[in-house]
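To start, I am sharing the structure in question, which I have written as structure tokens.
In order of appearance the chains are A, B, C, D, E and F, and numbering begins at 1 in each one.
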Amino acid sequence: MMRMIRKTGAVLRLIAMFNKELLMSSVTVLREVLRPRLNIRPGIIKLDTELRSDFEITLLSILICLTPGTLTLDVSGDGKTLYIHAMDINDPDELAAQIKGSFERAIMEVTR
Amino acid sequence: MSVIHFVIILPFLFALIVPIANKILPKVHTGWFVLPLPIAIFVLLLSMIPSIENGSEISGSLPWIPSLGIGFDVYVDGLSLLFGLLIAGIGSLVLLYSIYYLDKSKEKLSYFYVYLMLFMGAMFGLVLSDNLMVLYAFWELTSISSFLLIAFWDRRERSRYGALKSMVVTVCGGLAMFAGFALLYVMSGTFGIRELLETIPQLAEHKLFITAMLLVLAGAFTKSAQFPFHIWLPDAMEAPTPVSAYLHSATMVKAGIYLVARLSPVFSGHAVWLWMVSGVGLLTLIYGSYRAIKQTDLKALLAFSTISQLGLIMSLLGMGSAAAFYPGTSQYLFFAKATTAAIFHLINHAVFKGALFMAVGIVDHETGTRDIRKLGGLMAVMPITFTITLLGAFSMAGIPPFGGFLSKEMFFTALLQIRELSFASMQLWGSLFPIVAWVASVFTFAYSLLLVFRTFSGKAQFEKLEKKPHEAPLGMLIPPLVLASLVVMFGLFPNLLSHTLIEPAMAAIHFTGLQPQEQFMVSIDMWHGWNTELYMTIGVAIVGTAIFILQRRAAWVSKPLTNRVSLSGAYDDGQRLLDNVAGRLTRLYMTGSVRHYLIYIFLFLVLSLGLTMWLEGAFALNTEGMATTSFYEAVVIGALVLSAIAVPFANSRLMAIILTGMAGYMVTLFFVIFRAPDLALTQLIVETVSVALFLLCFYHLPKLKKELVRLPFKVWNLLIAASVGAVMTLIALSASGSRKFESISDYFIENSYKLAGGKNIVNVILVDFRGFDTMLEIVVLGIASYGIYALIRLKVKEDENDRPLGHDGMKYDVYAGIRSNDVILRTVAKLVVVLVLIYSMYLFYMGHHHSGGGFIGGLMASAALLLLAITNGVDKIARIVRVDFKRLTAIGILIALLTGTGSFLANVPFLSHTFGYFDIPLLGELELATATLFDLGVYLTVIGVASTILFTIGRDK
Amino acid sequence: MELYMSLAIGVLFTVGIYLILSKSLLRIVLGSSFLSHGVHLLLLTMSRLKTGAPPLLDEKAEAYVDPLPQALILTSIVISFGVTSFLLVLAYKAYKKLGTDDMEELRGNENE
Amino acid sequence: MTTTLLWVSLILLSLAILGALYRLLKGPSIADRIAALDTIGILLLSMIAVLGITTGTRAYFDIILVIGILTFIGTTAMARYIERGVVLESGDDGTNH
Amino acid sequence: MSLEMMEQIIEVVFAILILLGAVIAVISVLGLIRLPDVYLRSHAATKSATLGVLLILLGAFFYTWFVHDFFSIKLLLGILFVFITSPVAGHLNARAAYRSGVALWKGSVRDDFREAIKQERQLEIEEIKNRN
Amino acid sequence: MNNLLVLPLLVPLFTSVLLVFMRRSILSQRWLSGASSLAGVAIAVSIVIHVKKDGVQTLYMSGWAPPYGIAFVGDMLAALLVLATTVVGSFIVFFSMGSIGEERESYFYYPLLQFLLVGVNGSFLTGDIFNLFVCFEVMLISSYALIVLGGTRLQLRETLKYVIINVVSSALFVAAVAYLYGVTGALNMADLFLKVAEAGQGGILNVIALLFLIVFSLKAGLLLYFWLPGAYSAPPTAVTALFGALLTKVGVYALVRTFTLVFGGMPEVTHVWIGWMAGATMVLGAFGALAYKDIPRILNYNIVISVGFIAFGLATANRDSLEGVVVYLLHDMIAKALLLLLGGLIIRAAGTGKLSEMGGLMRRNALLGWMFFATILAVAGIPPLSGFAGKLLIVRGGLEGEHYLLTAVSLATSFVVLYSLMRIFMAAFWGDERATASATDTRKAGLLLPTAGLMLIVVAMGFGSEWIYEFASEAGRTLLDPSSYVQAVLKE
């Protein structure tokens, strides 16, 4: 029972966080698009994930994709690494850490 | 059915029996089986003479196609009796002759006698018919049996050539005659010959009278080898000699004469008839006789002689028709004498020419050649044959006291008389007739002498021959001997025939113009005193002998007048030309290019529709009552047009496919805008599945070449495409502007739920109101899937070298994605597939009331399967989903069918549906409509079809 | 609306026929798709583009559009789908066996 | 008011479709075109939702779902095509190992 | 405030929601047009699929719920479905682009993927060699 | 209500579906196909008898009366054509058993053949213009599959052309239906008759009529026959015979039906076009028959010629000529099937279709030779065989209608028919014996019996012309005056 409640909480947290990310980065991307001169630094970064099951990886990828500004480009053959195309990279490591810290954590809370 | 019918039918029966008899008794010469038949018929016909002589007719009828005015009606009058006797009489003699002429061990005799019996029956039918169409039937049959007989030795090129030529000419004439008969029917309302003769008065008034006459004459002239249609007869001499004697001199070629005589009462009295018949006859007479002199082959000589003699008879019939200008007067009999001459000469010719052919056949048979340049001096070794030839030839030359002399005298008389005719410009041109005829008679005299003396007298040169010549066996000599004796008899006792045959025949030809109580009294006398005719004959003899003597020395006599113009050559050239023109023309437009064919079709469409539109003033633009256009709709139209126009510019396959898909989506949007949700759904799914199919089928093709074509090619294509588009638009505008009726849609709206129990009207129409359409439409899908399956799987061995036409074959690129990780797709797809499958069932089930239905549901399910296949590979799917989709299709169709078939038991119309609310245990109240069951069939079929197609292609290596 | 639709239909026919007249099999097959689009819109246009509710009785509208042409179009769409699929596979097979997708190379009048 | 707003939305969406069509035609890569087509599908779906409101027709909501499904399948198929050159593979699964 | 007014206001609110979605859609299509490479354009494209469509469909959902008094499960399902599939589609397409050799925009600052692909290729070549 | 009318379509449909399940057992496929074909004949006979006794029969599908539902209408013309179809179909089924080969037999040959019959019979029986389209499609898609079945290079190539042309013509068909619906709002043909008459056929309706003319002419091979010679030379003999006998006739039937019923009102526009097209078809067809020296093409151009001839009868449209059209159609279905089967046998026997490479077959297979010879005569309309009565009626009608030029052309081309076919006969059966290495023995009962059966029918039809005419004239009456048809359908 407790577990159920905990899970539900985790799911709700995930959704809330996602919505926040969605709105915020949407605004960012839309601003970039509307700017007369492009001022972006795109690129592909590597993200080593601790998630293992197909479902987890898929969920993470989808969330990354849904969030404006990032796009899951591929998953390595062993499923341990995600390659992410990002629209504006200030610091690649920071970006990776941010994703890990937010989405990956939240997902793990839901699935484990 | 009468005895006359038997006369006609028996030969055909014999034709059937001959092969059997031949099998049973192979040792007996087949000729013996059939010989009794003509003899019996001859006797039978002879026995009819007395009653015919008394002016009565024997007739019988047998209905065939009475509604079309065609009956197998037969009758015997003087004319047909005369011909019948000829056919039976000469037929008997020829048959006897052929038994000795044709070697049992070397020839396929059963074929020969079958053909001959066919011919004989046809000939009897021709002269005994009382119905023009039946006459026509037998007429063609004589041509055909002649065709077969000429080609009896079919390995010979010349035989085949001659056979075809004779058929071409005579069948063409036959067709003209057929048209003429049809015209006569249109004018008179009957095909009955005797009935026709009764309608004569009003016939001549008809505007098509002359046309009909000329058409009938075309038939007569071709059959009777009149100039310029005579060309087939010399080549027909490739036939075995009995055939030449029988068909090509005595009987078949006289069919034209018969026809002219038979229809003379209809047409005579008309200037065109008079001129055509007598003019063409005379022309033929002189041409044939002139050409005969030039021949070195005995049979060719006889052929031209036959042509010439037929011309003579023809011209006499023509001159006899002048009598019709004086019906009911004494002049009538005066001119009718020409007809008497014609009949008399017809008999004479049959007799002497038959004898001559047989004699020549004997010469050929015994010496192995018919070339007079190799022959000579046969008199000593073949005295009987010589005698026969001499008698026949003298009769032909018109030397007294033979029959030929008498008929020629009568001929001269007719020629001199015709000048007295005050009609038809005869007074002006009639004087030419005797001159022409006299010249021709000279030639005739000359070639008759040639025939006899070149062959039988002079220096013997047996060393040039293949065999050592000797007299023929008795059986072969008897028939010509009989004929030769007839030659003598008819000369000495001409009136032997007068009352028995000639008078009745005259009566048949000239039955209208006589004065009351008057009848033909034919009396032929040997001596008329020293009249013009006799002087003419003496002249003929003198000049003719001179030519005979000159013939060896003076080249101008023996060489053709000119080498350049030859009618037979013209036939060959014409045939070649026709083949050439046909070939050139056909190959010109039948290029094998589908593009060309389409261009013809579209051009025709644009021209015909455009022209009609213009002529009919059909264009009407009536914007009243049209729906308004909002801005976004205009934008959507723009998007559709844009994506459509972009396709031809696409430079990759995928691009072209994508743009087409795009246009499809825009069409979907239109369906939404115009409130057709079911359509939109269907279009969407179909479009997507189609795109998938396109990708499936075209993945291995080389890069789409930019169409390397000249500009004109494109411009031309564009021009045609645009004009078709323009025409379609114009019609659309005019049609929507000129709607005159309300559609029947209100009925569907009112009754869809009330009577058919469904709220989705489109679906109700599909499964109920027009459920039959739908049933067939799933059949179409099913067939397509079976076709595709067979197309891909079945590989029949071909004998040709099985290598592709083209250039580069298939290229497989190494793609970079072979090893990529599909974890995301696979995970999501599992969910999606389950969702979509459930949704598809929902769509299917709700279809009767909401949008959806069997199709949409089925297609949706197939889309799910497609996704599954994309993500997991085809083979795996095949392992998991153990369904034979081809059978699923069949099951679907079967279900749809069976819901309809219940109607047979309930005795209601096919596919009638019922619906109702049933209380089903556990499920509670449930609406159950048989229409839903029908739709289930549709649903399953669609899944089966789509899956069959996808997986068949997907698994093709 | 009918006016513009008629024009659009004309364009669809033009494009369809233009494509069908080209050499490449793929273009020809695509052309047939355009032809059927044109024809289907024509059926719709000919039924009068009057406004009314979709022919679903649940919509409880005063007037409905003419449902009959919709049923006809549906039938026609399905049939063209079957035929196009067949044509497509035929083209595929022909290419595999004959080694060309150029209709002009497939005249072959003379070698028979 | 509402009507105007909805009509403006419709116009905006149809313009967006035109824009996407531009990308579809322009390319340059095939992936660009696929993306454009995918976008068009989504826009179409949105537009139909709006149309459903303006015409008061629920029947269109089915179309929305179906477009959603099909856009996905279509994009998947095409992406698979440019990545691997085939849409359906005969191997046991997509990875072809 | 009368009930009628309330209703009207609600109507307008949802209509504005829809309009907002449409505006976002237009902007993201602008991105689809403007942005320099396929990957960036994919970012923009995903936007109309997420925020834009979310707003429009939600607007439509509520609109039918409150105005037409009809709770459409299908619309909700539709939203859910688009949310699940659209990112996957974007991912597949971008990956396909990369693997079929579409270059990154020259202004890109980093590419971690190139190395991985190279290794994958190497592996493949070795495998083929071993097989022979 | 008369469910009997749908049986000519249901029986083959059931059969074909069941045959799908029997794919592996060729023997049972043969049995079922044969039995069902014979059942089809029996049904067709009983329909003819019904129609003869009780007049035009109708069946309202699903019980919806026209103009709302689809009506099947069995008038005498339809009934007779269905009978001819089932007869030809049966003989070809039996011929196929001995000739088509197990490979094709196990890949849906028999089901496809039955499906084709479904489409053909449906086309004859339906009284709904859109349903006619659907039936056409059933027939066409089966024909696509049959023509390419086996997938030889020639088949693939020619099928492509055939399909492309037919796709275009199908599109035009639907467009024509759309236009017609736009103006009249009707689909049922009897209803259309009334509405077109009421609206007055001038103007746009004539344009639409012409579009229908083009569509059906494409199917019939009237002037727009370019696809035909190639397509029909690709598949095995049995299939070619089936097509030559049935498919073009369906197009001809559609022409006859629409231009006597729906668009019969303005012959001075429509029928003039038909007349010109008929003349051009006969002439060009005749040229084609003379142009080639190989059997398939000569025979195929002969198909074209006869289409032109029948269309000539339609263009004349008086009593004689319309009766002639019916009689000739019946004859041509049977006789063309026979001709094409025999042509195929000759090719087998000689191992080649080229006239220059064959000869002397008479000494190897005389029965074949004589059957071919007699068939030539029948096809050329020589009495007393089957082609004569129809030819006479059409010619007589043409003369009555004062179409002298066309009559002349038709007679001239009927000569070309005889001539071109006789050339085959002479080349194949006469002369020295010659054949290529791939020649096979054709003296097999499985091949000769079905052809001999058809031969007997051709002969019997000729001698029994009166009997046939009795039925055909009734069909002709309906064509001349469609009121009985319309009354039967609309029950007014």
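List of remarks:
Assume contacts are C-beta pairs under 8 Å (C-beta built on N, C-alpha and C of every residue); 3 or more make two chains touch, one makes a residue touch a chain.
None of the values given here were measured: they were computed from a predicted structure.
Interface comparison, B-C versus B-E: the higher count of C-beta contacts falls to B-C. Among the remaining chains, A is positioned farthest from subunit B, on the basis of C-alpha centroids.
In terms of Cα centroid distance from the overall Cα mean, chain F ranks first. Using mean Cα coordinates as chain centres, the one most removed from subunit F is A. Subunit A and subunit C have Cα centroids lying 44 Å from one another.
A separation of 68 Å divides the Cα centre of subunit A from that of subunit F.
Subunit A and subunit D have Cα centroids separated by 24 Å.
Spacing of subunit B relative to subunit F, judged by their CA centroids, is 17 angstrom. Residues of subunit E in contact with two or more other chains: 28, 30, 42, 81, 84-86, 88, 90-92, 94-96, 99-100, 120.
Residue positions 587, 590, 592, 594, 598, 675, 677, 700, 728, 732, 735-736, 739, 743-744, 748, 769-770, 773, 777, 780, 783-784, 787, 791, 815-821, 824-826, 828, 832, 850-851, 953 of subunit B each touch two or more of the other chains. Touching of two or more other chains is recorded for residues 16-17, 20, 38, 40, 42, 45-47, 53-54, 56, 58, 68, 75, 79, 82-84, 86, 90-91, 93, 97-98, 103, 106, 108-109 of subunit C. Taken together, the chains touch in the following pairs: A-B, A-E, B-C, B-D, B-E, B-F, C-D, C-F, D-E. Subunit A makes touch with subunit B in their complex at residues 54-55, 57-58, 61-62, 72, 74-77, 79.
Interface residues of subunit B facing subunit D in the complex, by the touch rule stated above, are 630-632, 635-636, 638-639, 642-643, 646, 652, 654-655, 658-659, 661-662, 665, 668-669, 672-673, 675, 677, 680-681, 684-685, 687-688, 691-692, 695-696, 699-700, 812-813, 815-822, 825-826, 829, 832, 836, 839, 843, 850-852, 856, 860, 863, 866-867, 869-876, 950-951, 953-955, 957.
Those residues of subunit B that touch subunit F in the complex are listed here as 63-68, 70, 133-134, 136-137, 140-141, 144, 151, 154-155, 157, 160, 163-164, 167-168, 171-172, 175-176, 178-179, 182-183, 185-186, 208, 211, 578-579, 581-583, 585-587, 589-590, 592, 594, 596-598, 600-601, 604-605, 608-609, 612-613, 616-618, 620, 728, 731-732, 734-736, 738-744, 747-748, 768-773, 776-777, 779-780, 783-784, 786-787, 789-791, 793-796, 798-800, 802, 886-887, 889-890, 893-894, 897, 901, 903-904, 908-913.
Against subunit D, in their complex, subunit E makes its touches with residues 8, 11-12, 15-16, 18-19, 21-23, 25-26, 28-30, 32-33, 38, 41-42, 45, 48-49, 52-53, 56-57, 60, 63-64, 67-68, 70, 72, 74-75, 77-78, 81-82, 85-86, 88-90, 92-97, 99-100, 102. Subunit E makes touch with subunit B in their complex at residues 81, 84-85, 88, 91-92, 95-96, 99-101, 117, 120-121, 123-124.
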